[in-house]
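Structure below; questions to follow.
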Amino acid sequence: MSAPAHITASASWRSDFPALHQKVHGRPLVYLDSAASAQQPASVIDAIARYEREDHANVHRGVHTLSHRATEAYEGSRDRIRDFINARSRSEVVLTSGTTESINLVAQSFCRPRLQAGDKIVITHLEHHANIVPWQLVCEQTGAELVVAPINDRGEVELEQMLELIDDRTFLIAVAHVANALGTVCPISRIVEHAGARGIPVLVDGAQGVPHLEVDVQALGCDFYAFSGHKMFGPTGTGVLWGREELLDAMPPWQGGGDMILEVSFDKTTYNELPYKFEAGTPNIAGVVGLGAAIEYLQAIGMQNIADYEHDLHTYMVSELKKVDGIRLFGEARDQASVQSFLLADIHSHDLGTILDHQGVAIRTGHHCAMPVMQRFGISGTARASLAFYNNRDDVDRLTAALGKASEIFA
Amino acid sequence: MSAPAHITASASWRSDFPALHQKVHGRPLVYLDSAASAQQPASVIDAIARYEREDHANVHRGVHTLSHRATEAYEGSRDRIRDFINARSRSEVVLTSGTTESINLVAQSFCRPRLQAGDKIVITHLEHHANIVPWQLVCEQTGAELVVAPINDRGEVELEQMLELIDDRTFLIAVAHVANALGTVCPISRIVEHAGARGIPVLVDGAQGVPHLEVDVQALGCDFYAFSGHKMFGPTGTGVLWGREELLDAMPPWQGGGDMILEVSFDKTTYNELPYKFEAGTPNIAGVVGLGAAIEYLQAIGMQNIADYEHDLHTYMVSELKKVDGIRLFGEARDQASVQSFLLADIHSHDLGTILDHQGVAIRTGHHCAMPVMQRFGISGTARASLAFYNNRDDVDRLTAALGKASEIFA
Amino acid sequence: MSESQTDMQDLYRELILDHSRNPRHFGRLSDATHTADGINPLCGDKLKLYLRVDDRGRIESSSFEGSGCAISVASASLMTVTVTGIGIDQAESYFEEVTQRLTSDRTEVSSDSSYDKLQALDGVRAYPARVKCATLAWHALHSALENKTTPATTE
Amino acid sequence: MSESQTDMQDLYRELILDHSRNPRHFGRLSDATHTADGINPLCGDKLKLYLRVDDRGRIESSSFEGSGCAISVASASLMTVTVTGIGIDQAESYFEEVTQRLTSDRTEVSSDSSYDKLQALDGVRAYPARVKCATLAWHALHSALENKTTPATTE
């Protein structure tokens, strides 16, 4: 890809995002915090407002026109999600409030009823708290054990050691597709291959996978895949749990309420079929409509184009960061998404964050909800710049210039 | 209140709701389905869009300007909710995805760890599935028993009989503030008084209470109060669990993830303080911003004005419905909110719904997620017209006229 | 007569109203070989379908019980009339025909003349929220013939 | 010098940078009578505060350990300097003073001259996201004096 092509493409993508066109502390905003939450294209914001102004009613429960339109819009988004991740059927697409709820659902509904004391859940040292704490809770509830696969200094999973940890007491393996603090792309297919041969299900935390990679759950071969709308340019309060139909079918419901039942009486309650069994109560209808619009937007660009563009931009960012005096990079995996953690001299990440913000550059600082990663590297936090397809080389240059200012102040 | 005053007030309120100003099947929409999901004023829709265009970032975790603005907006809504229901402190205001999640949270986090086989949870025959199924699930998990207080033919809770069911094995009482299928306002203070004297906590399902009544949780004297944003003119995917601080404090977290922890390590995880302990993961930030705007809107009108206006309109609706040949009303409680179930001759509610929709009149039909109520009356469903402050007498007249058409078709 | 009322009468045709008021084959079949439950969670329509299939795969008799809206009852009634006396393969192809006809925009009329009566259901196509009512009994038929044990729904 | 850099130097005043680089009273107090943990979940600032209070309620000595940003370390260092040698009542009123001063728009300067040094923290007011860093040590002080067992946070 030649430089001018990038610039053209990215400029047109960037113009679709209203939030990017503002000044912060008098400087044009450089938003490098998409891994925490991405901005939304106008088409998403407008789809939601249009839905609320014209079509809103409760779903699944009404014969009147608005209710029917709302249901079509909501279920239409489910179809789009199915297509986007290539799920076998729409029954496998459970709508949740986010990755966190998706993972908790699996912990409580898939694991808790069947986990025995002494069983193991295997995760990695790279995980976000959302892929740690739900397992800690269910282990506490059942006497199972949480086993953690180590990572190396580049921030890569030590695959051989991980595979050795997997034995016949392993009940489930839960691993990030892309690690949020370090950007590492994990070797899902190797893990799935090993686990599959032993009949051990694999959950993939795809919160950072879906925004950066083309995801095909059937090709990945995993059993559960969890992700959030707000990391993929859709609204907060939306998320997905994809699961294999056989597994979802065999799970008891998680929450009780409307929509997840076929029949309720005080003697006997019959649960609804998939995916509704796991969708108790009025869902985030407007949010899901927005998520559908976000996917439509992403599909128009093409996830492979996004991945290529970001790879190139990330390479540029790394090379520019390396020129900054006193920089230390964290996360130098051979396969890494466009997320980069770093520290500058002995400046605390939090101070860096404030100084950069003052230059209009928004980065995330701290532990990134991945404290064990910080413990692994013996630090309390990092500064993290995460790139989306709406960022460009100019953003990277503004970042490195702002780091220069930080060095001056703390000189 | 004199009739012209109503008309003037309601007309101006009505004009704030974009969705009401459209035609359905060629007729101006008459929206009588607010109990399923209410429409939103333009101020809510615009607040969300403005948030997404200008302020969006993840909350609680960032030092940069947008993250700070997003956090202020999100936490500002919490303060508004605290004020709206008169909670003692913001620590007591847990943000959820809706009433359903709020109730499931209490069932799983308050009840499940402590319920013993033989303990009882007392509910009423009026409840929505969201206030039945979570208790059925936790009873199944623990061997506790679900006990149901009867209702009379008017749809009122048989209070004396209910109080007799409460004994020293009663662990919790869960009751609707306002019943969704029949509109009954339940005698919360009588129940709370009786339960309080015995140290039994009371959860109030306020999904239909908050849109119609002035709610003061301290004056009500209950222990938990659950409600949804979308029933109170705010967005779907938002809700609240209010709980007494002492109770919430003593409960283990429900879901694990980011934001609900202070520190995570593989040895020991320390949970965050209230209310964050119960808010795992990225919340529905935009939705909560919208909920704050909805409360601002409601407070400007005043809940007491709303209750008065609706009471008057409901009285009118009941008297007009009673003039319709072959009408049967369900729910004639002495204290009833502006929700009315009915059937016409032997026309199935579903057919009524379609015929009315064709006249531009949107009502809900079926079991309203309250199958036990239907079983109690020996019917499979009702037609339900629910009024909000944006409805007026003209809407009621359109309803009765449309019922006339239905009689013609099924003559 | 208003325009909207005309439309309505395309949905509630005479034949539909007749079958909904006087459903044929209503009741229990004590010697059924196949049964299935159908539930439409949206509106609470519920039915139980009974079939007696003989050795050669012919549906000797059929009946249904349950409660539902005019459309679902009429559709169930019309269905039992249609499938009684035919082979299960042909019944399955009716299932295909009816569900496709009602859920797609296909308007061509089946060449099969025994489909005539079922055309009374065509008015439902203009009411997408009601299509599930019309197809419920047919889904139950399909379940019964496939010997499924979970209730058929129209989701 | 750009405008924004000037502002920044109001936050990162010389005194702040000095105390953050060379924190006073840093380390463990083996004979502490009061301790408290402080955590700022936002950025991961963590400190442990030690106080030795004598019989008459005077803070004989104080120290802190932990890691944090320049603001939180400087604030903790300034705090220990301020409270060493004063009575716990006066320490509590400093807590009130500092937290109010940083979280409200109040700008009048305290008449108390020993507050002078603490004015170095005033630059934080323009950075609402950082106020919690500056108040963390003070919340820990308050907890320690109240003998609370859960970690102080700035939420």
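Letters A, B, C and D mark the chains as written, and numbering starts fresh at 1 in each.
By our rule, a residue touches a chain if its C-beta (ideal position, glycine included) is under 8 Å from a C-beta of that chain, and two chains touch if they have at least 3 such contacts.
Because the structure is a prediction, the values reported are computed rather than measured.
Asks: So which chains are sitting against chain B and chain C at once?
Replies: A
Asks: Among all other chains, pick the one whose mean CA position is farthest from the mean CA position of chain B.
Replies: D
Asks: Return the distance between the CA-based centres of chain A and chain C, expressed in whole Å.
Replies: 45
Asks: Using mean C-alpha positions as chain centres, tell me how far chain A is from chain B in Å, no decimals.
Replies: The separation of the two C-alpha centroids amounts to 31 Å.
Asks: Cα centroid separation between chain C and chain D, in whole Å?
Replies: 76
Asks: For chain B, write out the residues touching at least two other chains, lowest number first.
Replies: 25, 61-64, 67, 261, 263, 350, 353-354, 357, 365-366, 371
Asks: At which residue positions does chain D touch at least two other chains?
Replies: Residue numbers touching two or more other chains: 42-43, 129-130.
Asks: With chains as vertices joined when they touch, what's the shape: line, ring, star, complete or other?
Replies: The chain contacts form none of line, ring, star or complete graph.
Asks: Chain pairs that touch, all of them, please.
Replies: Every pair of chains meeting the touch criterion: A-B, A-C, A-D, B-C, B-D.
Asks: Would you mind writing out the residues of chain A in touch with chain C in their complex?
Replies: Touching chain C: residues 60-64, 67-68, 72, 261-263, 270, 272-273, 276 of chain A.
Asks: Quick check on the complex: what are the chain C residues that touch chain B?
Replies: Touch list, chain C to chain B: 3-5, 7-9, 11-12, 17, 42-46, 67-71, 127, 129-130, 133.
Asks: Of all residues in chain B, which touch chain A in the complex?
Replies: 18-19, 22, 24-25, 29, 31, 33, 36-37, 39-40, 42, 44-46, 48-49, 52-58, 61-67, 97-101, 103-104, 107, 128-130, 132-137, 146, 148, 228, 230, 235-238, 253, 255-261, 263-266, 269, 280-287, 350, 353-354, 356-357, 361-366, 368-369, 371-372, 375
Asks: If you look only at chain A, which of its residues touch chain D in the complex?
Replies: Listed in rising order, the residues are 25-27, 347-351, 353-355, 357-359, 365-367, 371, 374, 380-381, 405, 408-410.
Asks: Going by the contact rule at the top, pick out the chain D residues touching chain B in the complex.
Replies: Within the complex, chain D touches chain B at residues 39, 41-43, 128-130, 150-151, 153, 155.
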